[in-house]
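Working notes, structure below.
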């Protein structure tokens, strides 16, 4: 990808990654025989959910601590269509941010390995009174420390 | 309709009715160019929601009293297809039941007035501890009394 | 299940079966924290699609021969809720019919093996002029012969 | 809005506008009680579809001429949540482009008139052989001429 969705500070640790495989459902395809563009937030979320669970910062990890992580921004670039029955992979990439934001990038590839779609989402963290968190809660500070320390370096995009 | 989805006791008051108009969205149509069969629960719900709101027994009326009304049964009979841009009406019919159940019937008609789809749903009422309600809570008893008293007789299926 | 959705003639071969595993997505859960009742047609379809593909009568097998297999009837009985992240299995069962119909039954089970939902769907076969097929096309006659001959007896509900 | 999604050449005619009203459905709301972020492409599309129909460049107008107008880019900025039953308006804005692109902006407002969500989509035009159109087909050239001539100046965002 020529254009980077997110900029990194020079000392940012490398991004975290995971991959999910999925097959296009009949209901996801439109009258033109291709996946309707509005289904991709679901595809992106599959990657985001798994990456979170893999690193102890899943939806339920936040929820259990009274923290919400609403989506503030979503973006998709459609390059190639997907069709009913197509097998594809969703690569989710979590980029380091010094701010209290979750910056995810998504890369979808078809069975030939071609990139069909890319995109990103940005999340803020809210406390139980809907105030934006400016400082990381302990479990999240811990996660960031382990990330910085290289604990997730083995992360690979393999099923 | 030849077959009745629900049986009435002899002294049951006439059913309540309302109609909603809707237009088929692009995203609701499948690769064959017709509305995917799994979108119809959404169409049914449009009718059910409006009928409830019209009579003080809407989703939020139950919710405000700590009562849930989960769907226990849903059924659809597909007779004619609907296509992108088709304008159609959803008639929701609430049948009287001596038991603590909400028995809704649904009749969809296309712009020519032909029946395209029929169906029904059955709901039970649960209290805040997820126990099935056997007796009507006051607001619901009140609604039933007004129904019996003929207060809703003016109900007509007009937009 | 006490009540059978479909009746069999005495000499009908045993039904065909397959199972799909799925995990509840965040988007599938409603404001009450349980899967919205209208998502289950998607769950049922996952089972129906795989069972068809496994036996050479998948959506694309029909499509390639100019045959459509629209859903004429769908039914769901909701017994237990499913929640975000729940892992569950969808068992699809194809019952023999002497008529040109596809009669599928669906049984969903949660991670404890408890039945959460059952249902069924009925499909007719239409030729390229939208006429109901009364006689099986060759590939489908062949499938039925192999079924009668016991070729699929090994079918088991295992992932 | 401080940031403009699209830049205009100095002599571009003013953008076209239309508004659609919609009410949040129960199924659109997530476990946190707010509209799931992935439903907004549907909201955007309601506006895009109506604006196209109003000006003779609807989905079916393209389709009838063998032209597809796939979404190449979609973006959403979430500012305030929407909840079950909320009434809101979707303003769709078509910005002039010298290139063969459809550049739509979307502005959602709640019942108090506050902006809840903004976004945009970019579409290319493809001929029947999936080649990108570099020159406008006649009906589209005609539409652009009428736009330039100020024929749509009366366009107002009123229901």
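Going by the order they are written in, the chains are A, B, C and D; count residues from 1 in each one.
The definition used in the following text is that a contact is a pair of C-beta atoms (placed from the backbone, for glycine too) under 8 Å apart; a residue touches a chain by one contact, two chains touch by 3 or more.
Since we're looking at a predicted model, the values are computed, not measured.
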**Item:** Pair from A-B, B-C or B-D with over half of its contact pairs in common with A-D
**Value:** B-C
**Asked** So which chain is the furthest away from chain A, centre to centre on CA atoms?
**Response** B
**Fill in**
For the pair chain A and chain C, the C-alpha centroid-to-centroid distance in angstrom is 33
**Prompt:** So how far apart, in whole Å, are chain C and chain D when each is placed at the average of its C-alpha atoms?
**Reply:** 39
**Between chain C and chain B, distance of the C-alpha-averaged centres to the nearest whole Å** = 26
**Request:** Specify, in ascending order, the residues of chain C that touch 2 or more different other chains.
**Result:** 26-27, 38, 42, 45, 84
**Asked** For the complex, which residues does chain D have touching chain B?
**Response** 25-27, 42, 45-46, 49, 59-60, 84-85
**Asked** What residues on chain A touch chain B, complex-wise?
**Response** 26-27, 29-31, 33, 36, 38, 84
**Message:** Which residues of chain D touch chain A once you look at their complex with the stated criterion?
**Reply:** 32, 34, 37-38, 41-42, 45, 68, 70-78, 81, 121
